[in-house]
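Two complexes are shown next, each including chain A; its partner changes from chain B in the first to chain C in the second.
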Partner chain A sequence: MTATAPAFTGRRRQRRVAEAHLGWWMIAPVLIVLAANSIFPLVYAVFVSFHNFQLLIPVPHRFVGFANYARIFRDALFWSSLEVTLWFIAGVVFLQFPAGFGLALLLHRLRRRQDLLVTLFLVPTIIAPSVAAFQWAQLYNYQFGPLNYILGLFHLGRPTWTADPQLALPALVFVDFWEWTPFMTLLLFAGLRSLPQNIVDAARVDGSTACQVAWRIYLPLLRPVIGIALVLRILMSVKLFDIIYVLTAGGPGTVTENLAYFTYIEGFRYFNLGYACALAILQLIAVSLLAKLLIRMTRRPGVAHVIPAGGAA
Partner chain B sequence: MKHRWKNVHRHGLAAPAAFSRRGFLTGSAALATGAAGASLLGDGFIAPNAFAAAGTVNVEVDAGQNENPFRWKSAQMKSKFGFDTKLIGLPFVGQYEKLVSELTARSSAYDVLVFPPYFLGDFVALKFLRDLDQYKSLMDPKLADYLPVYRDPVIKRNGKTYALMYDGDLLQISYRTDLFENAKERQDFKAKYGYELAPPETWDQYMDIAAFFTRPPQLYGTAFYAARGFCYAWFVNIFAGLGGKWFDDDMKPGINTDAGIKALETLVKMKQYSPPNILQIDYPTLNEVFLNGSTAMVVQWDDLPLKVENPKMSKVVGRGGFAPCPVRSYMPYSRVMAVSAFSKDPENAYRLASYMQQPEVSITYVYDPDCGQDPYRVSQLKDDAVKNHEGKPTMSPAAAKSYVAAIRDGLKAGYPELSIPGAPRYLDILDLYVSQALAGSLSPKAALDSAAREWGGITDAEDKDAQKEAYTAWIKSFKDAGVQY
Partner chain C sequence: MKRRGLSLADLLTYATLALALFVFLAPVLWMLITAVKPAEEWLTSPPVFIPSELHWQNFADALFKWGGLKGLGDSLIVAAGSTVLSLLLGVPAAYSLGRFRTGGDNLSFMILSILFMPPVAVAIPMYLLWSSVGLLDSYTALILQYTVFNVPFISWVLKSFFEDIPRDMEDSAVVNGATRWRAFWEIAVPLARPAILAVALLAFIFSWNEFFFAVILSRAEVTTLPFILPTLMEGHDVLWGDIAAIATLGALPVIALAFALQRYLVRGLSFGTLRE
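Up next, the complex of A and B:
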């Protein structure tokens, strides 16, 4: 026994090592695909962002350190596109979320035809954004658009929706609202359905009004779902491109040019790849920090204390 | 010998049972002798165009009406050369970035590239195009018949031919003769402005006429391409008329000089004489606002008159008059055909490009209202040539005379579109800032100062000395062609 024990331990170690190796071999294809598809492009983008990389100028690319990043903060178009991006984010937080939550509550209260309504609600979301933008281009048409026709019936004038510097951005924020509020509704509705009904019943027995239930029970309990919904939608609104490209191409002037469109112009119209990569990396860092902050806020302890004592009983 | 081919592979392919080197050499020699003999027999044995056994020539062109001439001629090219023509339409705005992205990746998706000449400087520098001089023996492009302004300055770089013309573009005025020739209108106009109502010869006159005919919502004095993407061209059209130049001798931008600022102020002021949706107006909508009778006068590319006289498209048939722009007429866009450096069939690509611009072929489409092509050959500037691709007249003789004269006079005072390395970026930056001034986000001076600052950056990035050299050579080619600059 004494002679075979070390041999047995050695074989077991060998087997463990072999199993560990086997594990690595088995996940190797995934790691290779991940490295090729995500990690390499990201690392290369970081590399390019530190170079004077202009595709159209046939000269060697120079290392320029943080010059591209420094240029971003001096670029007036960056600040104006950041402002446009913030308007879209504000649209998500102050329009889409309240409207989505309200619609989710209405759906939740319905006893019949919930499935049909959910399907209908989803129609704007499942339409390709570029197709939706074409539809809205028709709706906003100054001369033939139904919107102006209806306004004309009431002698309310004929706005030039996407051509008016004052109206173009609100018009686009509204298209985003129309397209993605149902998505917000769906996420919050799913969250509402997963909440324990006994808490709500207990609150009602204690005399809570519908508003109190919504404000003091649903909202706190839905905090993780709200956090996910807001993070997803804010990320999507930062990346928003299709409806801007189709409806206004960033115009009139640059009043609807957001960060994603500005980065596209720098990267694919002027082919300033170094600068475009610096813009993209900066957005990645900013959005990652924002997402982390939002997720941390939704995980803060203290959800339990908002449940009324009666409800908990 | 009989059994030699009887073995069959498991995939069903017959294979020689005793394949020897001697057999192979004997067979090859027989085949080569047979082919050589057959070719000597001439037309009766092998078709004269057997060289074109290649299947398809892929043509990149901005999608829409500009594809039509290729469609009309594809059957002729099939019977003459044997190849099929496949059209790949790209969007008008965005064509440059799409082409650069694909050609940088050495894509062979396109054999023939149709693009505006202002891409040519970049495309030659980036080695995207083949030198066409090497293929001229396949089919003479008959360049001597080109209008001088479209020959050396537009299709050549560094003494080599890189492209052939497909469309000669020019901005010109289309105006409503029923308004301009109306006795009461003429009387009222003279009483108000102190001179006769006629097609404007200065930009001040243009603005007077535009103001005079602004009677919303039924009629607007004018309209112009104000949407982002090409509004810069309408600024340059005025800038040229006010004596502006792209750069000075030291490559200092000329756009923010007094001529530039006055030109942009004029364009911004022109908005008040235009339909309310002016900032949305692009090429098709600009056509539309004239063709539907809601505008008295527009500056537009020179294919609009053909549409004016087409009853299927126009409510103002017989009421269109045509004139060159005040002082100078800007020549934006145009289209040339070039052979991609990455084409796998450059000879057939050249045959297609050369065939499409032959005098007897091009004359059939440069006056067709169903496409956007305009004259670029001396032989095309004839009143009786104004016919569609089926040979039917597209205008009354009087309208055709006025139209061809407007083109001829416009070209005499044509203002060349910038076409040096970096031109698409210079023009795109200019477009961005003109668009910001039109939107009211920046004053004309601030917009043009910003554009000029960015132009300086482009010049430095491209290498100032090289740019100066390219610009000087390009200007010289225009001066040699008889264009004043």
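Up next, the complex of A and C:
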């Protein structure tokens, strides 16, 4: 960054070399741990995915080429679990984002107590997902749950929620909404807070209404932050596992089985390790492409511009 | 055009925020209420909204009858162990990436992409690996497994932080005879303390809450609180009050930490992309 010096003196060059050496020493332990715990397993997963690898059947593992991958696309359960994953992504984009943005705008209007409120809102996000799932198991309880009691007061029926094939998926999408909308709010609120105030004031003077300000000024200026928030949440929703495991175990039938849960069942219930690994690798490829997109967005010059380091406190 | 006083818009703002706050906190509140209900009031229709007494016995049962105490201990060991290990590995790595640009953009991208790796992708090989070395159901396995996800997070957030610290102070220390390592340890690290606290908080919360690998790698020896919960919810006689007490034990430390370290929480949760 500061390579404007006309020529490297001998001592300077020496220092640079020493720094490079130290740099590698400082990062070497991380590389070793990551290699052992993620590079090696990934390579091994690729290897397994090319074999007929079943723990329950004591036959030697046979190389099967792309057979496991070919099987994926013929498997109706794969397509249905992909659909469930897409529903959760739709929940992020069409429910969590608008609600999160709305809440962020409202919080931004407040003049006091913003931090306290943000932290209160964040409680669903920071508690353990299995704790959150337990809370919803109570609320959704058919017989004794407060939700059905309140519906009963208004004679609105008694749904079985997570046991109802029609309602189970929406019920889970709502739990995910409840858990993660506050996180969306936090990111967008922090983004709003870092915007230069004079732009907004100028728009107000022009006589724009609050809605116009939100739509014409905040939305375009926040585009990089919105991009980051959406991609982060989409990546997280692809690996969603916990609330499905606790609340429905993929049921009733398989209507709430997403890709992550389907892979888990194939691998750890049926021990079709070859097939499960092929599924896992496919997800990894999809997610890496998404992650690449995310990083490109964080590097966009706009981000540095909109979010000055050490900006408005 | 800024108006002072309470306008209709202000009222609507407060009303909407209050309603939203209720929606987001009601389930937590319901858990807390259940945790202090006496057994006769767990399963009633209509449900009991205000317990007739504060029945602390649920917590005693949760701790001593259902393995809550062991769960708390195990969660603490795993979360603290992984946080400390992740910082020891991640802080120097972040400095190396941020200050020396070690390995260029490719290396930092590679480390970051591990953060987004779906856990199922490595679950099966890791399960086979840990079982082949006899470390299934051990502290070591969980601590290392969580470290793999904490380190990329820490490195990424702190890397941008170290980039923002001007290097003049460290450089002049080096010119005056200090080693580079001392410049890192005695100048850069103290300056980065708030950011380090933020990532430590998040790493702790992540490890305390983690569920997927706990399910896959744990059996009976190492039982963190998130792992215990669903095992108690199986079967027909669901002991709502006792489970709510265990869930509360799992949630309260995290909530308390979050409130105590509010400022750092926001900074850490926004993944360093937003700086306050």
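Methods note: the second predicted complex is superposed on the first by the 262 of 313 C-alpha atoms of A that agree within 3 Å, B and C clash if a C-alpha of one lies under 4 Å from a C-alpha of the other, contacts with A are read in each partner's own complex, and residues count from 1 in each chain.
FYI, contacts are C-beta pairs under 8 Å (C-beta built on N, C-alpha and C of every residue); 3 or more make two chains touch, one makes a residue touch a chain.
Computed from a predicted model, the values in this text were never measured in an experiment.
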So in the superposed three-chain picture, is A:E19 touching just chain B, just chain C, both, or none of them (first/second/both/neither)? second
Scan A:Q143 for contacts with chain B and chain C and give back first, second, both or neither. both
Contact-wise, after the overlay, does A:L284 reach chain B, chain C, both or neither (first, second, both, neither)? second
For A:P129, is the partner it touches chain B (first), chain C (second), both, or none of the two (neither)? second
Is A:Q197 in contact with chain B, with chain C, with both, or with neither (first, second, both, neither)? neither
Given the touch rule stated above, what does A:F268 touch, chain B (first), chain C (second), both, or neither? both
Contacts of A:P165 with chain B and chain C, given as first, second, both or neither: first
Who wins on chain A residues touched, chain B or chain C? C
Which partner does A:G253 contact after superposing on A: first (chain B), second (chain C), both, neither? first
With the two structures laid over each other on chain A, which partner does A:V48 touch: chain B (first), chain C (second), both, or neither? second
Across the two complexes, what residues of chain A are contacted by chain B and by chain C? 143, 268
Residue ranges of chain C in contact with chain A within the complex: 1-2, 9-10, 13, 16-17, 20-21, 23-25, 27-28, 30-31, 34, 42-47, 49, 89-90, 92-93, 95-97, 99-103, 107, 109, 111-114, 116-129, 144-145, 147-148, 151-152, 155, 164, 174, 180-181, 184, 205, 208-209, 211-212, 215-216, 225-227, 229-230, 233, 240, 243-244, 247, 250-251, 254-255, 258-259, 262-263, 265-266, 269-271, 273-276
Chain C contact footprint on chain A (complex, rising order): 15, 18-20, 22-24, 26-27, 29-30, 33-34, 37-38, 40-42, 44-45, 48, 102-103, 106-107, 109-110, 115-139, 143-146, 149, 178, 181-183, 186-187, 190-191, 193-194, 204-205, 207, 210, 225, 228, 232, 235, 238-239, 241-242, 245-246, 260, 263-264, 267-268, 273, 276-277, 279-281, 283-284, 287-288, 290-292, 294-295, 298, 303, 307, 309-313
The answer for chain A against chain B in the complex is residues 54-59, 76, 142-143, 158, 160, 162-165, 248-255, 268-271
Of all residues in chain B, which touch chain A in the complex? 93, 96-97, 100-101, 104, 122, 125-126, 227-229, 275-280, 422, 425, 428, 432, 435-442, 450, 461-463
